[in-house]
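Paired with subunit B in one complex and with subunit C in the other, subunit A is shared by the two complexes that follow.
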Partner chain A sequence: MNFKKYLKVYKKFLHTSLASELEYKTNILVDLITAILSLIGSIFLLSIFFQNNGYIGGWKFEQALIIQGIYTILNGITNTWFNPNLTEIVKHIREGTLDFVLLKPIDSQFFISLKKINPSGFLEIILGFFLLLFCIRINQINFNLSFLTLSLITISCSICILYSLWFFISTTTIWFVKTWNAIEVLRSFLYIGRFPLNSFSFSLRIFFSIFIPIAFITTIPSEAFLGLSQLWKILLEVIVATVFLITSRKFWLFALKFYSSASS
Partner chain B sequence: MLEYRVEIALWAISGIIPFFMLNIWTNNNLNESINISDVMLSRYFLCAFFVRQFSVVWVVFSFEEDSLMGKVSPYLIQPLNPFFRYFAQHLAEQITRFPFALIIAFFFFIFNQESIWIPNLGILLLSIVSTFLSFLIQFLIQSIVACLCFWTEKASSLERLLFIPTLFLSGLLAPVVSFPAYVKSWVYLTPFPYLIDFPANLLSGNETNISGGLSMQILWIFLLFPLFKKIWSEGTKKYTAMGS
Partner chain C sequence: MVQNIIDVRNLSKSFDISSKEPGLNGTIKHFFNRQTKSLKVIKDISFEIKEGEIVGFLGANGAGKTTILKMLCGLIYPSEGSILVSGHLPFRRKENFLKNITLIMGQKQQLIWDLPPIESFYLNASIYDLEKFEAKKRIKKLSEMLEIDEELFIPVRKLSLGQRMKSELLAALIHEPNILFLDEPTLGLDINAQRNLRKFLQKYNKETNATICLTSHYMKDITSLCKRVICVHEGAISYDGKLNLLLKKLSPVKEILLVCRSEKDATKLESSGFTVKNKIKNEITLKIENNSITSSLKTILNNFDIEDLFINEPPIDEIIGKVLIKKDYDI
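Entry: the complex of A and B
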């Protein structure tokens, strides 16, 4: 695969989608306020939980804020890349324009996953980073190389898992045509990622680690961030992320065999 | 509507966040501090789920799509306000969703047998009325936002903004009684607690001020309806079909 070509194409994608998004400038302002309010709202909810309790699922309030920070960054990434692109798949398939994508001399998954960008998600990513910096201060975390690498590895694995989940559900559009609501189900499950996994009952914990690996998405990176995580958990997350990525790729190629264009 | 059974089932599932919240509350014994027993809290969240199922509104998204596609022009010629069309769609979908919601409630009771209860008929009727009023309030708010499409084209981002206070203040994630005092002092003046918290408390038999809640709901409807009328007539004057 020639990497340079893809990089060049991606630059063009960035340019065109930014240009079209900047047409709606007031929208970006509204989205900024939304991002700030939603962060305030979830910290408010967390503070209700901690009103009379020092610990929830073994996490202190200051530590639970890290989960919020990581969730906010991941949510920003979802809003910037995954949501605008992968909801587009639904449209492509319903209107039959996926034909044009498949005909292009470029990998279809690459095209479909990265074509669009929504700049308002950046604000959430930045907000999340600030919250994490604040958490480093209040939790007195030592800023060293192993901390940095472990956090980076776990967070990038989370991004891979999240991407695969989104891509997987969007791919099922090839059979079911309308999957808006399946995406809503995924969204509501992902909402759980705002809270430490240990605060749920045992059966839900199993469900969220095996069927929908939300546990891996925010809790393990936060543990790595606090320096509490065992090595096997991090290794497990790397394995899960790889499996998810490979499966979602295979599933896309498999699903394409069933694609029969619109009205045929 | 029956064509989209699977979707409606999925949508019903996507509303199960209250159950996850219930799990956090009871699993960490958080409810002891607000003097609500496990059973009452689980009834509260089940009712919150039901109220949400029958008061969820998405008219902004339908209207925005129709307006961008130019479908609003033929609707405007018809002698009926196009929002009646959306209103009927919402009602039809609520009816279709009813069996799915019942199935979810059935599973809920299998896992929480001690929280089974039968509300008396008067309370049931009152809570149906207040759920419908909550639906009307949300429908009016969203219709007002939808009318802003005449000015900005993309009104759905404004709706996403409004959704944030709805989510956190309506009682979907935590009952309003559990809010800290500095929030409780003003939150009852906003429409949000009357969207989910009030009908859910009513239905589940938790303590609530019935006449006060109902009159606040009606008051908000009387405030919002003229506003909608006004913005609709201003908007239609401003309206130019796409491409002209």
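Entry: the complex of A and C
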């Protein structure tokens, strides 16, 4: 893979999608306001849960805010990259415009995963980081290099898992043509990631760890952030993320053999 | 000797197609127990195309023209047989192969809708690894050829269909491909835009010796661009050869309208042994075989008092229409 070329193409992607989005200033403004209101609403909802009980699933409100912070960052990444690109895969396949992607001398997964960005998602990422900084203060977390490394590793793994799941579902469009509902279900499950995994019953915890690995997406990075995570959990998250990424890649290449293009 | 750039041998393609009975019952049955059957849409076809050739693929809707084109450019895996395009197996979609070809579809677009076309051109240039200076040079050259210098800076959504199609062409040709696959490139364009596009393709072919495979339902596209046509009927090739031979075969006679000096002359001509289509007063229409037109006209002009004459070519759409519904043409 020619990294210099891919970097150059990605710079063009950034430029064109930013230019496209900036054509609609009001839309960006509405998105930004929505992001701020959504974060305020989520924190308010979380505070209601903790109003009568100081602890939920062994987590204090101040600690649960870390999960909210990580969720906000992930949601920002989802809105910036995954939503504009991965939902477009369904459109590409239904309308046959995937033809243009496949005939370009560039990796098709790279192209369809990164071509667009939605700049309003950046605000959510920034808000999430500010919330985490605030959490470091209120939870009196000892900020050091190993803490930072572990947090970054776990958050990166979460991004990979989320991306792979979404990409995997979108890829099935090649056979099923319409998969909007499955993506909506995935997004709904992601909302659950705003709460600590221990706050759910045993059976749901198993479900969210094995079938839909929401636990890996928000709870483990939050535990790492608090210095509560055991090393095996972090290792497990790295393994899960790697397996998910490789599987989604292989699945995409396999699915393309069945792509029949839309009729003209 | 000119090399074959496309070599297709015993190519077949099958698709799994599901069918649904009408009504609510049919819908429920279709939802729970979907019946699919394998349909062979391309049936054991073979042909070669030489470098620099412009070949038109003719066929009715659903005959399989687009499927053939998509297999040639590597979008669809063939079920049986072999395809070699520019020495590559297309479905592997290797970088060197993709840099050599392009696909233009009249009904689909790759330009970024909200931005001026120039942004899409530079994006494509970076994908094809072109330096900015080189990209600028090619955009200038192609935009001059296509006459779209001013439109480069207007958002795509504000361009007319003709201007958009020209921009699509530029986006698809910025990497100077050797082989062009064009699927109904003039679809929906007005007469002038169609003519300009055809002129451009002729010029591009002349200047670069690019091979062009074209499908179109506009016969003017085929007659003005292609010397050779491949007719596809229900997934099989019904004719592969020169277009003029096909036209001669399908339309062996021409109609000649002669305006005689007097009705008497017309009556005399009527009884002189030529095949007469009709006669109205001093005007008579004869049917004369293509291979004897010159000699017949010489005889008529020498022996009869003719005021004026018109040679009527049968409408090409009508002739080609016959090809689209017939299985085989041995010429």
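By definition in this document, the second predicted complex is superposed on the first by the 263 of 264 C-alpha atoms of A that agree within 3 Å, B and C clash if a C-alpha of one lies under 4 Å from a C-alpha of the other, contacts with A are read in each partner's own complex, and residues count from 1 in each chain.
What we mean here is this: a contact is a pair of C-beta atoms (placed from the backbone, for glycine too) under 8 Å apart; a residue touches a chain by one contact, two chains touch by 3 or more.
All values derive from a computational prediction rather than experimental measurement.
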| item | value |
| --- | --- |
| Partner chain in contact with A:S47 - subunit B first, subunit C second, else both or neither | first |
| Partner chain in contact with A:K257 - subunit B first, subunit C second, else both or neither | second |
| First, second, both or neither for A:G57, with subunit B first and subunit C second | first |
| Between subunit B and subunit C, more extensive residue contact with subunit A | B |
| Which of subunit B and subunit C A:W175 touches, first, second, both or neither | neither |
| Partner chain(s) touched by A:T16 [first = subunit B, second = subunit C, both, neither] | second |
| Contacts of A:I33 with subunit B and subunit C, given as first, second, both or neither | first |
| Subunit B versus subunit C as contact partner of A:F130, first or second or both or neither | neither |
| Shared subunit A contacts, counted only where both subunit B and subunit C touch the same residue | 24 |
| Contacting residues of subunit A [partner subunit C, same complex] | 2, 5, 8-9, 11-13, 15-16, 19-20, 23-24, 95-97, 99-100, 102-106, 257, 259-261, 263-264 |
| Contact set on subunit C toward subunit A in their complex | 15, 66, 70, 73-77, 93, 95, 98-99, 101-103, 105, 107-110, 112-115, 119-120, 122-124, 126-129, 155, 183-184 |
| Contact footprint of subunit B on subunit A as seen in their complex | 24, 26-27, 30-31, 33-34, 37-38, 41-42, 44-45, 47-49, 51-53, 56-57, 176, 178, 180-182, 184-185, 187-188, 191-192, 195, 199-201, 204 |
| List of subunit B residues in touch with subunit A within their complex | 4, 6-8, 10-11, 13-17, 20, 23-24, 27-30, 32-33, 152-154, 157-158, 160-161, 164-165, 167-168, 173-174, 178-180, 183 |
